[in-house]
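See below for the structure under consideration.
For reference, chains read A, B, C and D in written order, and residue numbers begin at 1 within each chain.
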Amino acid sequence: MILPDALFYLFAFLTLLFGALVVANPFSRNPVTSAMFLVLTICAMAGLFVLLNAFFLAAVQILVYAGAVMVLFLFVIMLLDLKEEQRRKINLFGIVTGSGAVLGLGFLLTRTIWGGDFSQTATPKVIGDTKALGLELFTKGQFLLPFEIVSVLLLVAMVGVILLSKKELK
Amino acid sequence: MSALLVLLLPLLAAAGIALVWKKDEEFSAQLSIGAIALGFVLSLGLFAFTPAKPQEFAFNWLAVGDLKISFGFLLDPLSKLMLLVVTGVGLMIHIYSRGYLHGDRSFSRYFASLSLFTFSMLGIVLANNLFMMFVFWELVGVSSYLLIGFWFEKHSAADAAKKAFLTNRVGDFGFILGILLTWLALGSLNFTELASALDGKALPFASLVEPLNRLVGSTNWWTVHPNVLATLVGLLLFMGAMGKSAQFPLHVWLPDAMEGPTPVSALIHAATMVAAGVFMLCRIFFLLEIPGSHALEFIAWTGGVTALLAALMALQQNDIKRILAYSTLSQLGYMVMAVGLHAPGPAMFHLTTHAAFKALLFLGAGSVILACHHEQNIWKMGGLHDAMPRTWWTFRWGTLALCGVWPFAGFFSKDAILASALEHKNIPLFVLGVFVAGLTTFYMSRLVLVAFCGNARSEAASHAHESPGVMTWPLVALALPTLLAGAIGIDAFIAKALPSEHPSPNEGLLNNLFAPFNHNILAAGFGLLAVVAGWQLARTLYTNAMSDPLPEKIGVFAKMARDRFYFDELYAWLIRVTQETLARLADWVDRWIIAGFVVRGTHGTTELVGRVLRLVQTGSLQTYAFLFAAGVVLVLAWQLLGTSPTH
Amino acid sequence: MSLLSAIFLLPLLAALVVLCIPRNYKFVIRLISLGATFAAMLLALALFARYDAAPVENGFKFVERHAWVSVSALKLDIGWHLGVDGINLGLIVMGAIVAFAAACVSREIKRLEKEYYTLLLVMTGGILGAFASLNLFFFYFFHELALVPTFIMIGVWGHGENRNYATFKITIYLSLGALLALAGLIALYLQSGANTFDLVELTKKVKSRPLPLAAQSFIFPLLLFGFGILVSLWPFHTWAPLGYGSAPTATAMLHAGVLKKFGLYGLLRVGIPLMPDGAGAWLEILALLCLGNIVYCGLVAMRQKDLNLLIGNSSVAHMGFIFLGIASLNLVGVTGAVVVMVAHGFLAALTFGLSGALREKTGTLELEKLGGLLRQIPFLGAALVMAMLAGCGLPGFANFVGEAMVLFGSWRVFPLVTTIAAWGALIIGAVYMLRAIRNILHGPGKPEWAELQDASAWVKVPFVLLLGALLLLGIWPRLLIDKIQPSVVPIIAMAEAKSADKAVRPSDLKKGAEDAKQRAVRPR
Amino acid sequence: MNVGLEHYLTVSAMLFCLGLLGVILRRNVLVIYMSLELMLNAANLALVAFSRFNDNLTGQTMVFFIITVAAAEVAVGLALIVALYRKRQSAHVEDLTSLKL
């Protein structure tokens, strides 16, 4: 039973590595590289989802997130044809305080995570495959209304985007 | 009922003049003279025909809880006598001032305020309780303010009016406190009730001591002893009299009050207003002589000091009206001294005679001033005795009465006071009285010798001529009581009103003339001796002297006397130090501390805080994101680190 | 629409009518506002005449009551409850008379008349409504209704160079005070558990079950200092002289004369009876504060160079007397306080009216510049002299009666404070009043004022009216006092019906005085 | 020691911090936006982990909705960035300081 643990560590390491690379890419400041690394992070995340028996979500993650959202990002980067950013003066004070705050937050979160004892069920009976998720969403009746509202939300987002990106005609 | 009429007539006259406000003199003069003439006749009626027993009728003016203030009249011999004095002398002065102020622009305003004055004076005389007396006390203060400040265009007159009113107000402050204390201790303000509440009770204030002590005692450095309270009541009420009768500490306003027209000085500062204080002392005499209260000694000595001080000041005055003003002050000192020597009877007697001859002297001075074209300095007059015969002999009678020469009224009343000083075994006051009598004769004869005898010193004096009839007839009318008042037994009449007096039977005119001699030969003898001494000294110094020889003789003392012993400067300095600095401090605190620091302070701090917060809005996304993150971290830290993680 | 509600609804109605009149009919606007205030005055006088002092069930007459909002779920009861007893009767009549005088005096306004008169009428309606209503909600609402026009009028039509500063200061101060008072009222509403804003029910409830001491000692200071600020109690008084100095005459008359009494009326009606213990603890402090009012503001008034500031400070000093009367908590003192409230209303209106007329004629109120005016303006001068003398407590005017009663009342409870207060009133008051007369009226005539002519007949009407009122109440005070006293007795009874743990209360002192006099038991 | 809930949560926490760091330090608007997405995914991870270890599916349905919302958000966000770019011709954060007081 040590395979899933090994896989967990692998995927976890990959996710964190790619995440770090999205944020602070030592090689080039080009946004495209960070976009690519974001895609890789999402795929690593999908792997983790699989480990957590959330198979449907892993697929959705890759399909929607990696596929659609990142493509949008690339479109915008291409549209704005951002060049390599020339390195502006490093605002050391900003960096130090920023990372200090983030470290503080990380320390606090881990401290509480490892402090609290969570009741964990060793072997879950529930498998997050499509049928189970479908039943959960539509028959239990709890999430039917939110589902409809989300669809409306998407519509609103579309209208918003169209309006925003219209050229000022007047 | 007729008393109400006497009181209200002048008020109606004043109101009538004020409302109609027609400019012609005739109407206002006739109205107010008619009112006071009718008043005089009625008070004569009251004086003669009503029974001696005091009657009282009052109606309830204000009744709230245990405070019952009524508005009523107490008619007893004392008030009837004063009624006569006020209306009698007042009538003379009304007639006189019609001539004196002829042609003045605000003639009707003068007569309106004169009637208002008479109304308030009558109010004091007739009042049957302390509160009503206080009400009219202030009204008299205001009407004297209006009269003294009659020529308000003159700076000196306006200031004199203000000074008079304020000094009176200081006296009234003491008076109201006295009233409050009597009301708290004895529960009522009505004279008859107070008298009944007092006699037959050992120490009325004893019951009050314990609670008041606890209340005031919180400052526990002085305990309240009943005698202290009794004296306190006496002194506070005396303070009211002090203000009105210009006694020692509060005497500064009287000389300046000469700024008003002469009839006003005559009316106010000779006959009535200043006498109100002495009348009040006699009226509340039973409050003053509560066993254990030392108020009376204090009063006696204040009177004595005032008499001496005023006499000294009068020595060096050159303005004829100021000399008479100071002589009034010293005579008032006599009366207050008499009250202090447990002798309200002689005090009232002296008050009545003084009213007559002092009014005469003032009016005489008025006619002299008018004759010499408003010249008031005696060293600019001279040789008037043949130019103005009628004024001359009436003035001479007044002077003789004032100095206390035998047949005249002044002798009898002053002798009565000196006799009571002897009876009361108060030798120092007796000596002081005799000395002041000498001084009085000295400065009065100085005035007479310089102003009337010798030869004219100024061109205006040389062709002075007798004043018109309307002015000289009142002089003659006043000269009669000056001569006869002493002997016709007024003191016997007064004695009936004052319980503490032993009424001596009034045995006819003739033996009254010699009563003072066989009554107390020592007092009469010394009195006359002082008069003769004073006359001789003045004669040697002043017979047709061109300038005042006294300053070389007594040097700096003369200057001090002329400058009134620098009391005015002392008070001015005192006010400047206490009140002005306090006012300046209060204004400074108000402007800077409360309005400035507190208000501007809060205004300033809010602005400062605003400016600090602005610094945070740097506009860069980074700082916002950072602040956001830092905020989250702090909250989490505070929350999580607070509770121990081991749960 | 009974007599009482007609008195204050009339001006509000007139305000609406004035709104509909086009701007350039200036004369019609002025006529309507004069007519409305005159009618209100007549109604108020009729009310005064028909009010007999016969005791009635819970002390209020001409009662008018309509439930407005009474949501039992929210335990809320805001009803339209009007009523008059001895205390607010005098205030309403005085308010109506002063309002009419203010309407007459506002002839000096030369621009934006329409807005001015609407605001004036709204203010009058608000004032009279505040005094007439017995429901705490409307009591407060009408006060605010009257307060807002004050700020606007001072801001727009005011005089003087620091007019804006004065407007802001008076607005902030009064809103702060009103806020505190509101907090106090709401706390009272909640603590009393009577679930009603109605004063009569509230008093009944509190009489049966007094508020806990903790609640009282918390609510009373709120009310005291809230109303204190509204009434310019000593440390919070700086807005008053400044505000009145730069206010237009009518606003100064109405606010200083009438609206300022709202705080005192509130304290007397709500503060003292409902929270006797709370009041007991604070009265000594209140006595000292009002000493500050009388003496401190008197001294400051002495230093003022401008007549309006002097009068403003003197009106603050008079407030000290009313506070002293209330703090004495006995029948004589409190009745005296109510009399001073009414008398000072007339006095403040008169003095501000006169100084407004003077400013209109001479253009300045600087004491140095003025001088020797009595010859040119005899009527205004005589009225000013009488007003000033009334101000420093001359008998024959209503102020003296009130101040004498306050002195008698508070002498028993705070002898030292009363002595100093008497000194403040008699001497300090007289000093600055006479100095003002001396500087303005007496002395030789100055050339620049030579061609001044006296007030015309119409201008004299309000001053004659106010002087007449002062004199009438001064000469025959029982006209007002017999009506006030029966309504003060229950308040005093409630104020003294508290735990007798106080060290020295007036009751012990009275017992001491009583034994000495062996008098029959007096009505307490 | 087998992998428990804490491990997943630690990973999610670290990923969240990384995202936050990115938002604070990077000055290119798009990269900030991507790190934002990173933080969002960290949250998803934690939710799924909870749903797995608490043995019910609500966590996963939540993630499902979050993803849809994230998609909508990205669309609108990018449109905003494009509009911003068109107006200011720069996507660099330091040029967009018109909010400065």
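Note that in this section a residue touches a chain if its C-beta (ideal position, glycine included) is under 8 Å from a C-beta of that chain, and two chains touch if they have at least 3 such contacts.
Note that this is a predicted model, so its numbers are computed, not measured.
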Farthest-lying chain, centroid of Cα atoms versus that of subunit A: B
Whole-Å gap between the CA centroids of subunit A and subunit C: 71
Whole-Å separation of chain centres (CA-atom averages), subunit B against subunit D: 96
Centre-of-Cα separation between subunit D and subunit A, whole angstrom: 6
CA centroid of subunit B to CA centroid of subunit C, Å: 36
Where subunit A touches two or more other chains at once, by residue number: 94, 98, 101-102, 105
Subunit D residues counted as touching two or more neighbouring chains: 20, 24-25, 27, 94
Numbers and ranges of subunit C residues touching at least 2 other chains: none
Touching chain combinations (by label order): A-B, A-D, B-C, B-D
Touching residues (chain side subunit B, partner subunit C) in the complex: 60-67, 131, 134-136, 138-139, 142, 149, 152-155, 158-159, 161-162, 165-166, 169-170, 172-173, 176-177, 180, 183-187, 197, 204, 206-208, 210-212, 214-216, 579, 582-587, 589-590, 594-595, 599
Residues on subunit C engaged by subunit B in the complex (per definition of touch): 169, 235, 237-238, 242, 296, 299-300, 302-303, 330-332, 335-336, 372, 374-375, 389, 394-396, 400-401, 404-405, 407-409, 411-412, 415-416, 418-419, 422-423, 426-428, 430-431, 434-435, 437-438, 441-445, 477-478, 481, 485, 503-504, 508-510, 512-513, 515-517, 519, 522-524
In the complex with subunit B, residue positions of subunit D that touch it: 20, 23-25, 27, 32, 93-94, 96-101
Subunit D partner contacts - residues on subunit A that touch it in the complex: 1, 4-5, 8-9, 12, 15-16, 19-20, 22-24, 29, 31, 34-35, 38, 41-42, 45, 48-49, 52-54, 56-57, 60-61, 64-65, 68-69, 72-73, 75-77, 79-80, 82, 85, 88, 94-95, 98-99, 101-103, 105-106, 109-110, 113-114, 118-121, 124-126, 128, 132-133, 136-137, 143, 146, 150, 153-154, 156-158, 160-161, 164-165
Subunit D residues within the subunit A interface of the complex: 2-11, 13-22, 24-28, 30-31, 33-35, 37-38, 41, 44-45, 48-49, 51-58, 60-61, 63-65, 67-76, 78-83, 85, 91-92, 94
